[in-house]
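In the two complexes that follow, chain A is the common piece, with chain B as its partner first and chain C second.
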Partner chain A sequence: MVKERYYYYLYLINALINIINFVPRVLTGNRFEGALMSIFVSVVIGSTLLIIFTKLISRFPGEGLPQIYADFPRVVSIPLLSIFAILWYVSGAVTLVSFVDITLRYISPDLSPLYAIIGYLVLVTLCSRLTTESILYALEITIIINVPLVTYILIKALFNPYLSWDAVMEVITHLWTMPKYSSIAGATFIFTGYVNLAIFNRAFHSMKPRHLWLIPVSGLMILLITFLVPIGYHGTIGVEHQVYSWFSTADSIRSEFFVVERVLFIFYFTYLSLSLVTAVIHWHIALELIKSFFEKKDKKKSNPSSGSSSMNSSSSSSSSSNSSDSSNSTKSSNSSKSNKSNKSNKSNKSNKSSRDRTTSNRDWWILAPMVLATLGMGIFLDQIKLELVGQWFLYVRLPGELLLVASVFAAYWRRKKRA
Partner chain B sequence: MPTKPAEQRVDEWLSKQLCGLMDFEERSLGNSQDIKIIFLRSLTNSDTVNRFIVLPSYEMDLEAYEKYLSTFPGCEETQDKQQIMEFVLKGYIYIRIEDSSYLFDAMKIEYSGITSSITEAIVQGPNDALTENIEINMNLIRRRYQSKDLKVDAMTIGNVSKTTIAIMYDDTRVDGEVLKEIKSRLSQVSVDILQSAGELEKYISEHKYRIFPTTIVTERPDRVVFNLSEGKIAILMNTVGYAIIAPSVFNDFFTAMDDKIQLPLVGWFMKMIRYIGLFITVTLPAFYVAFTSYNPEILKVQITLLIAGSRAAVPYPSFVEVVFMLLMMEFLIEASLRLPKAIGPTATTVGGLILGQAATQAGLVSNIMIIIVSAVAISNFVIPLNMMAFTVRVLKYFLIFFAATFGLIGIVVSTVGVVMYLSGMRSFGKPYLKMFALDGSKGKGEKQNG
Partner chain C sequence: MRKCLNLMLVILLFMLSLLLAGCQFKDVDRRAFVLGLAVDSVEKKEGQGEGGGGGSKKHLVQVSLKLAIPEGDPTKRSQEAIIVSQISNSIPEAVRLLKSKVDKELDFSHCKTLLFGEGYAKTDIREMSDWIARRRDIQLIGHVAVARPTAKEVLGVRMISERVPAYALILSLGKEGTESPFIVSIYSYNFRRHLSEIGADPILPLVEKEEEDVLVINKAMLFDKQRVRAELTANEARLYNLLKTQGLRTSFNVELDDNIYTYNMETTRAKFKLLKSEEGKMIVQYKVGGRAVLEDNSKSVTTTGPILEQVSKAASKQWEKEIKQFLVKIHGTGLDPLGWGLRYRAISWNNETEEEEWRKLYPNLEFSVKADVRIQYSGMIR
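Entry: the complex of A and B
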């Protein structure tokens, strides 16, 4: 079980990573057609969804989406879970593939795209099989190392004399324009970190995050910076020529007193580590969702007695960590549960190794198509197609998010009615 | 009487088993020669035998002698053949008085006295190191940790060496789950000879192929005490001057015992220095490879030109240069470790002067490479615990490999990979790498309250 601060990390990494996922591209594309208004609208929509979902999922302590859907008939739950698994997979894949594009464009033009994507994929697939808690710990370290660098770059960017405030002011004059759906769908992306709770809720003991007001405030700031700073650097018209407008912006900044002179490189490596971790998070969720299809069958077959639905039996280390964590709180309310899980652990010990092997094999069978599809995306998508895929992902994501919140609400309602 | 023949069989059996040994002794004592003693001379203290066993046997009658013997703390009565054999091999004396047989503790233990610690030196603070005698080690620890909650469980490991190990923990602070895990793993260890803490550490750790240590091996009783107070478990071994502390997480390996002695701000600074040292020693050679061979444009122009100028005479790629120099450094460290003290300085002179000065002049390596190698070596020594320092020595080659194949991207990706790998590791159920590692204990307290 982890502490609540990890909830903010999940939000923060998505808010920071929006630059890779074509959010500034969508926003600057609509800069005269209500992008600014859509930012304000999406802060309201995004934080409302975030608060509702957080409150809802806190009623299911220690449960992931598959367990929450357990009340639904399988005809409903499996399609829903498949949709979400695909969405999460695409989210990770778009981040990775667009980062390969960025790598080739800005850092190593002579590197084969295949090498780069294989390098990223090896890391992401290996790491997405880690336990949920481990990924959260790694996330915390990555965020804490990288956020100072991001802050440094932002301060550098904002206090640069070459930032044209006139261009920014000109875009602000278009504030009172009706926003389009596309820009709202893009701008709400930065609040999407909360949906990761769908699996990561398993690691949380209780979810009562304080200082929730920080999220809309910081979200608004991040969105305004994401949108306005590139305009200030490239001009109101020039900005539309940039695909990765933030990378071009970072390339316009110079750090005079550091060994690395071009801020672009600091920016690139910061975002490389952040986006790798995001991809790991998203693929971990996709993997866990798909795995849950098989887990139910397993449970019916082998041990119907084990009531430890929250235990992800993916690996021995996860179960041992879970049991040790729950032993800390044996005096508290879930003592019966932990005892049960310990017992089931013991009874399973004999056939544990063989089951471990089968689950690990299954992980690879699930990951293999994901890897192959991403490789295909990396090879066949050129920059224009990739941008289109990225934008379509942003458009589809918002209804998907609404569906997720609605279905969790339905599950909550069903459970309450039954109780 | 059915017991008597069986009784005689025990001491006859014993003398038959041991009679070939050079140091085997069998004597009959007492005025009537009714008392029989069997022992191994090399393991027993002859003074004890003469004063407390031989002499009194002539001064009192059998009954009084038997009572007299049983009052000694290390003396017990037993009929178990196997136990008798074991104890005689440990240095006990087997005494038969008519029907009953006794084992009398007359062990002679040779050990070096308490010395000051060598492998973990500190500036200020206690200097005692653990000795090779478990009783003295327990004395050293108990003296520093005077609590009734300090529990000690004994165990024997090794089919031949019969090494006694003691599991020490504070009953009120230890995590019961971890304790159970450690005990069960210890009970599964089955080896013939156990002579070092490192071996035992290997047998009880989770994975065979891993490079990061999950238990601390220390020779400082104050570190043991400090960790006991944090709810950890210490395993002491007889005949070994080191203790194993489990579970140990990444941060523990960067804690020196000085940190407590320093002022808080200075202590934090020292810790930060160690982490910076870790970063430099692991990444610097990899960065050199990446900057010279892949992305020279990232650095400032002046620095790039400086490196290129210094490398002008070097005839091969930077990767070969780095690996060549680092291997030389490893040889130098390894050689000065094993050399006798008298010729030790020769190695450093030959290595430092000839390799450093002549290699650059011959154009085999660049000047900057020499600086990097020394920086890597020095910053590696900053890590306070040896096990981790060795791990880091290996780790940097891993990064150099990725830097040589993928350039800077390889470094960042493999660094993220290492962080992920470490976060995925568990030391007896405790997360190995975690920011703010201390809040684990705080969180535990909160949970118990709530």
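Entry: the complex of A and C
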């Protein structure tokens, strides 16, 4: 069980990672066609969805999406869960593949994309099997290390005398233009961090975050910076020529007295860790959602009478990573797993060990197609196609989010009626 | 069991640190670092690039690279640099051909000076500007400049004060060493922004080779979107800097009662506004000013309060005159290095017609300058 501040970390990492997920691309593409207006619209839409969902999920303390959907008939819940699992998977995969693209472009062009992808995938798959709490702790550490660096780069960027405020103003004068759906879908992405509660809610014992007003305010700031700073550096026309406008912007910032002169490298490593953690979070959720299909079957077979469903699932996930010592793969399996589960493991080792092995194997059977599909994406998507996929993901994501909020609301309503 | 696992983790971490010391498959001693890149256009037919197809004779470029050979102690002035050059019909092709002239892998990641030969800048710079922005290893914070007589010759100059090859160019173009008010310092991203922007045109500093080992950077070249259109003199380059930057360190002199007063600017500020005049013309109104300290006066007059006041007034008047002349000259070239057009786009909210309106307004622009120089100190003596 973790404190509520982790809720903000979940929001913050999604807000920061938007640069990798083609949000600036969508926005700059529409900079004369209502991108600025869509930023304001999306702050309203995004924070409304966020607040509604947070309030709703606080009625299900300690439950993940599969448990919340338990009241639905399986005909409804399974397709819903698969849709969301796919969305979360694609989200992580887009982040990974576009980061591989960035790595090849800026850091080591001689490297085969295959090696880079495999390197990232090893890390992400191993970590996505950790317990929900461990991932949150890792998230906190990543945020604490990286946010000061990002802030430094932003301050450096904003106080550069060569930043053209006239170019920024020129885009601001295009404010009164009807926003397009594409840019709204892109801009709302930065508020999407809350959907991760779908699984991470299991780790929170209560969900009443204070200072929620911080989210629309900071979201607006982040969106404006994301959108306007590259325009100030590359001009109203030139910004469109940049493939990764923020990486080019980081390359245009010069830091005379801090670590290295080319801020690009600091920026790269910051975003490397941020995007890997995002991919871990998203794949963890996809994995947990798919695993829940099988857990129900297990439950029916073994018919457990003790423990709530949430306890059951969390102990099963932690014990699954425990058993991975015996399986060949994970040396980095979590050290933060609870002693309790260790003990319980010993006590009824005889009847549990076989089940642990099957759940561990099952994890890998679920991850295998995810890994393969990502490899395929990495190999077959060139720059243009990757951009298309990234943008389509953003467009599809917003209805998916609405569906998620609506379905959780339906579940809440059903439960209330029954009670 | 747990202890064992922790131990293994620690060992694994230490093993991972071995991977950190890498030079990406090629060690430093197998790399030749490119410190400066120069592009000239070649008109003669005889020096045809071997790899360049004979078909396109009109467009030949000579690419010269200044290579540093990594060795020992950087504080000693023993660093050798070599210059290799190659003629071909495109820049990348020339670079490929150059690779077979050196025994090491060319590394552009430290290439901070990018020079256009004067001849090249007068024909078409688009290829080079495209290439330096497209290549991922050439920094966007590199310095771009025009070189006279040719870029290759300028690159070949080895200044006596220079310790590390090509460092003198970096120091002076970036104003890291000298803070000369005559150097218009332009980063390559900035240059590229002005190339693409509607309502602003690029400007680049001009590096001239004066003697065998002396370089002078005090002029500037004005570009349209393709080539050089006009040249600024040293004084005009300084005025450009005065209008474009805040806090320029420079001195000016003014004549008052047959006595020449020189004053040094401690702070400067400059901004401009676009105002509509009654006849529907657009007025570019500059407001400049700053605080100054008297540096000398030729007749050693004791400076009193009223004299300082008078000198300040005369200086302001002179600024107004000179800056106005400068603005009119720039306007006469039809270019827009100070970004007036961009400002018009920025303040105009009817976005459909603003470019057309500006095109009509530009030929009849009027200028007004308000200068406010305050010479407040007389230095150490009265």
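Going forward, the second predicted complex is superposed on the first by the 378 of 419 C-alpha atoms of A that agree within 3 Å, B and C clash if a C-alpha of one lies under 4 Å from a C-alpha of the other, contacts with A are read in each partner's own complex, and residues count from 1 in each chain.
Operating definition for what follows: contacts are C-beta pairs under 8 Å (C-beta built on N, C-alpha and C of every residue); 3 or more make two chains touch, one makes a residue touch a chain.
The structure presented is a predicted model; accordingly, all values stated were derived computationally and were not measured.
Contacts of A:174 after superposition on the shared chain: chain C is touched, whereas chain B is not. In the superposition on chain A, no contact is made by A:358 with either chain B or chain C.
Contacts of A:112 after superposition: neither chain B nor chain C is touched.
After overlaying the two complexes on the shared chain, residue contacts for A:161 are found with chain C alone; chain B is out of touch. Of the two partner chains, chain C is the only one that A:236 touches; chain B does not reach it. In the superposition on chain A, contact is made by A:103 with chain B only, not with chain C.
When the two structures are aligned on the shared chain, A:262 is found in touch with chain B and with chain C.
In the superposition on chain A, chain A positions 108, 261-262, 325, 331-332 are in contact with chain B in one complex as well as with chain C in the other.
The touching residues of chain C, when paired with chain A in their complex, are 2, 5-6, 8-9, 12, 24-25, 133, 136, 139-141, 176, 187, 189-190, 192-198, 200, 245-246, 339, 342-343, 345-349, 351. Contacts from chain B toward chain A in the complex involve residues 175-178, 181, 206, 294-295, 298-301, 303, 406-410, 412-413, 415-417, 419-421, 423-424, 426, 428-431, 433-435, 439, 443-444, 447-448, 450.
Partner chain B is touched in their complex by these residues of chain A: 1, 3, 103, 107-108, 111, 115-116, 119-120, 123, 126-127, 130-131, 133-135, 137-138, 140-142, 144, 205, 259-262, 265, 269, 272-273, 276-277, 280, 317, 320-321, 323-325, 327-329, 331-332. For chain A in complex with chain C, the residues that touch the partner chain are 32, 105-106, 108-110, 161-162, 164, 166-170, 172-174, 176, 233-238, 241, 248, 251-254, 256, 261-262, 264, 325, 331-333, 335.
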